[in-house]
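The following pair of complexes shares a single chain, subunit A, combined with subunit B in the former and subunit C in the latter.
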Partner chain A sequence: MTAGPSGPPERILVVGASLAGLSAAHALRAEGFAGALTLVGDEPHAPYDRPPLSKQVLRGLFSPDTTLPRRPELRAEFRLGTPASRLDCEARTVTLADGSTLPYDRLLIATGTRARPWPNPEEASLDGVFTLRTRDDAARLSARFKAGPKRVVLVGGGFIGFEVASTCRDLDIPVSLLVRDGQPLAAALGPRLGGLVGTIAQERGVDLRLGAEIERMDSEGGRLTGVTLKDGERIEADLLVAAIGAVRNVAWLEGSGLAADEGGVLCDGYCRAIRANGDIVPDVFVAGDVARWPNPHQGEALVAVEHWGNARAQAEAAARNMLAGPATGLTRHDHLPDFWSQQFGLTIKLVGLADGADSLAVVHGSLDARRFVALYGREGRTVAAASIDSARWLPAYEAAIREGAPFPPIEGAIDQPRLRIEEP
Partner chain B sequence: MKVVVDLNRCQAYAQCVYAAPRHFVLHGREALVYDPSPDEAARAEIERAVHACPVRAITALPDPAGETK
Partner chain C sequence: MSCTTLFEQVLDPDNRANPYPLFAQLRRQPVCRQEDGTYVVSTHAEIARLVSDPRISSEDLPDPQKFRWTGHPITDLFVRPIRAEIRRRHQPFIFRDPPDHDRLRGLVMRAFSPERVRRMREETADLTNELIGKFAGKAQIDLVDDFSYPLPVTVICKLLGVPPEDEPQFQGWATQLATALEPNQRADEETQAKNEQCFTEISDFLRDLIAKKRKEPQDDILTDLANGTKPGNASGDDPDEDGAETMNDFDLIATAVLLLVAGHETTVNLITNSVLTLLRRPEHWERLRDDPGIAPRLIEEMLRYEPPVQYRTRLAVADIPIAGVTIPKDAPVVLLLASGNRDPARFADPDRFDPDRPDNRHLGFGGGLHYCVGAPLARIEAEVALVSLARRLKNPRLVEDPPPYRPGASLRGPRHLCLAFDGIADA
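== the complex of A and B ==
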């Protein structure tokens, strides 16, 4: 059965009360939905913003309360601190952990991700070993930062690892950053710019270890005292933050019939959930970090991205499609991936997908000045643009990325130096 | 109040920093740091910042009724 949604909805249920869930709820009201709207969240907090957690919240700047603004016309019921435990697509109900059952006419799945736990549970439970994903994580870690740790070990070569390392340096805390790969941030930025960020981190006093892995954690009386690396070296540290990625919250969908696994909850380009047998589930939608969908900017490859901008855009597309009647066209989710990171006083931004790029050209500024826009090319097409401290010029390249404009871009324009095409 | 800035949109024109200097700060050339939960007393200042932003990146709303920070 791939019939359209069944009549105008009276009850909409959003499972997931973070950025995607709240954005969808706001969009539903903005589109005129006047029925009952319920948001279910596993955390006890009202929807809050996560990007500041690794930066200003850890550093203790301004308020740690990053609760997202809610419009007065939202009129939503929040069921917080009660995770969903089961979905029955036939009965159109979601069961919560407290046993209550919520019926829906339309459902949005926006359960997001959680921090990937450190794989060794004994080490993970040591005093001083942290992950960072929630407000509560940030509050606990921030308290430990205030107490003045001897040294922090960060595990993971992604943006959160670098942002926390930057925060440590702002607070004058010694920090070692362990990156398993030979280059940091290579998947997001490519080896060239990832390497540049690594160099900047080192200049700011981060003890950056490339190709480094932990053999074991050392402890005394249940407290972390240090780590021993695979090459035998020991680093004394009383705090460790494992920033080793995220796990998608899909366990509650077991038995629902939806195509959901560790790669995310599969949906089509209109955010409609898909069953394991390939059928579209007309009244169930997916958005945010947990969604896996065909990305038109990557040849319709199935992707899941953990980006703030995508969570909002996909939630808004899903909301429109939840309300679309038989005569209304569906909205394609065609958001161009984008993200930002702030670290070491720099703002790094990216639009498009740099993964798989085969060439790079700096089109504004210079790497030496640490102020530039660089374009990424793949097989003669422009696929992404990255900037450091040049956010004003980045949007100018979005159209080129959307249409896959030829790469290299026009050369010899009077307002730019000769472009040098480099390895990415 | 509750404030969120779409930092994908933000282009560091710093107009919010002039409008509400106690609640918006630039670290370095472009890294905007802001108060996500300013006091209700700062409302006029915050709203000036919202309107001053040339890329409309700032959302600021009063705390929902019955909720205080």
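== the complex of A and C ==
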């Protein structure tokens, strides 16, 4: 294993001052790094937490100030409100938009993603049309929720869309949720469980439109008044949230020579950035939503994992590897992806990656009771486990997934129905 | 030395006063098969994993005893087998698995409301002062009989709603039935016969009491469990939206007995072990006397250092690969909580008693789905008791160290703890 470059680092620079950036900074200090530590962030805010934004913040239970705790021993300089605009890997410098240039011995790229904007810029700029990624987004949207909108249209069948829909129902706001491909939450949970959550949403009063697509947004004096669907139907609404995915923040890396595109910034299993020509850059590391790497739990396929738990774990692995000398060796980032979501009074948890699964078995509880653990299998191996309100069993299955145990891994467990293997 | 006979030594009463060196030997192999096929789990990480593993069952009671013939055909062929079957199906929820466990525990958790538990603080304080008041004029007491024993039964009776005049009887039952929670005693035939007798008595008593609570609802746990009401709403004006879920009478009686038994000897041991541990280290006793605010951390450390429940048993219902071995299906499993609490991989300098220990995630109350329901109550009782004792006992000394222990290896604690002292301070 090739170890770190040119001796121990004195200056470490982190670009992207959010969950991954802050976690790496904390880990660097915990590992004994005593040199200069700088975090650059384009948002004006100190690092904050995003998961509550679509849940407690929109609901009005938490303030939009979800600042992440910072430990006293952090001793980092924060350059907030100024984006990085250029990376020069040869000179080992990062240039900021204000023209200043920061040298580094090790660099962490943790610029994450932003909300995918609505494709029609005119419609996107209408009063009443939102995306949700930042605490400023959440503050504005929550103010509009408080004002009591007539109806909210949500576009997108992913977790954020569902969480916002759930919050609307909690606040008794009428809501229509449009899922263009007709497969809610399918990317994460597969059609079967995704469909179940869709049914639950409908029961809680969400107007779920499977297969619905927006032809155009209607407006009056620059304000949204509704949407017209491809089939001609019109939905009156004064708010619309486009939750149609994320775009990776890689534009500032243009010209750096790194392999970075809309799929993310490529790195190896030790979080080291990779050049377009395939060479490893030993002093540049990548972590969090922006990273893409060969995932040991997906047969070394290149994946990005846009989850809170991964951002932290990968940042910690990157931090350790930034400090690794020839003697210490490198730490492999082999975190098993995990994810949670709260909606419609349920807690959904997922460990592993269900993408590409060919079979499903409910191993505790039942789908009808909306309390269960379900396992996903692929080619006879257990690859993921999803639970609704039954997370206590997940650790045992997590171990099975990690070991690539046969599918299903445990038979005859307590509280287990007779196992039936179904389509996912 | 191989670990395969170490647990036998843990059970040996000769090692009761200090089993901890045996635990240290056991931990060399985190999961170790004993000669009788039992798997002993002695490290923190492995215990923490197994308390939430679906291959681990709490339904590990021995088969209902083989009955001796009474010679009366109706009794032998019908009455007793039916009764045994009912008891088998309506075990208390500490011996049951989900989904039944969760349903019953959920109802109890609702009745065990934080408000109700908080109110027990004053009750405990009054009772404590009353008991300490009786030490006046004596030069020596037995802390167990004169203090630790009477306290928890009275508290749990108040909480359940048992009339004060019936408390003495409850105390006797609690003592006998505690053996049912003691794995190394419950298999004993004579103990089983006594327990059956005792269980019949307490069941009859509770059946009548439950009928009363239905007729005249009161603000207590038994009323709420019997009527499906919520705490503070015994009249049932505001029926639960979920529909008033109740448990049937068999489960109700089993649950009431469980609360009595699980909350009794455990708390007795916590108080007694605490006094013993503190008087062995007088600087901690003095610290508590001068700063009662330290009590909560002291008690957490006590639950780690001298846990009243030393181990719990389980049954493997499927093969479990763990720590380099496979616990086979149907094997009995011992979760050695007290050893996990001394695991150097989890606790720095584990054999040191240190109330200032950070991140003290001990296993004293178990973990996972059977985590102690009574933990908040036990903490309050122990805190009130210890703070009062430290304040009021003048110059207390241990008369005999180590003290004599009760036979139980799981519910481990002194049978007597004689203290000499120079009088008591006013309440």
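Note that in this section the second predicted complex is superposed on the first by the 414 of 424 C-alpha atoms of A that agree within 3 Å, B and C clash if a C-alpha of one lies under 4 Å from a C-alpha of the other, contacts with A are read in each partner's own complex, and residues count from 1 in each chain.
The rule we apply is simple: a residue touches a chain if its C-beta (ideal position, glycine included) is under 8 Å from a C-beta of that chain, and two chains touch if they have at least 3 such contacts.
Remember, it's a predicted structure, so these values are computed and weren't measured experimentally.
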item	value
Contacts of A:364 with subunit B and subunit C, given as first, second, both or neither	second
First, second, both or neither for A:328, with subunit B first and subunit C second	neither
Partner chain in contact with A:309 - subunit B first, subunit C second, else both or neither	first
First, second, both or neither for A:67, with subunit B first and subunit C second	first
Subunit B versus subunit C as contact partner of A:392, first or second or both or neither	both
Partner chain in contact with A:202 - subunit B first, subunit C second, else both or neither	neither
First (subunit B), second (subunit C), both or neither touched by A:120	neither
Subunit C-contacting residues of subunit A that also contact subunit B	392, 395
Residue ranges of subunit A touching subunit C (in the complex, touch as defined)	363-365, 392-393, 395-396, 399, 410-416
Subunit B residues touching subunit A - in the complex, by the definition given at the top	1-4, 6-8, 10-13, 23, 27-38, 59-61, 64-65, 67, 69
Partner subunit A, residues of subunit C touching it in the complex	49, 52-57, 59, 97-99, 317-318, 329, 368-369
Contact set on subunit A toward subunit B in their complex	46, 49, 51-52, 55-56, 61-63, 65-72, 74, 308-309, 338-340, 342, 344-347, 349, 371, 389, 391-392, 395
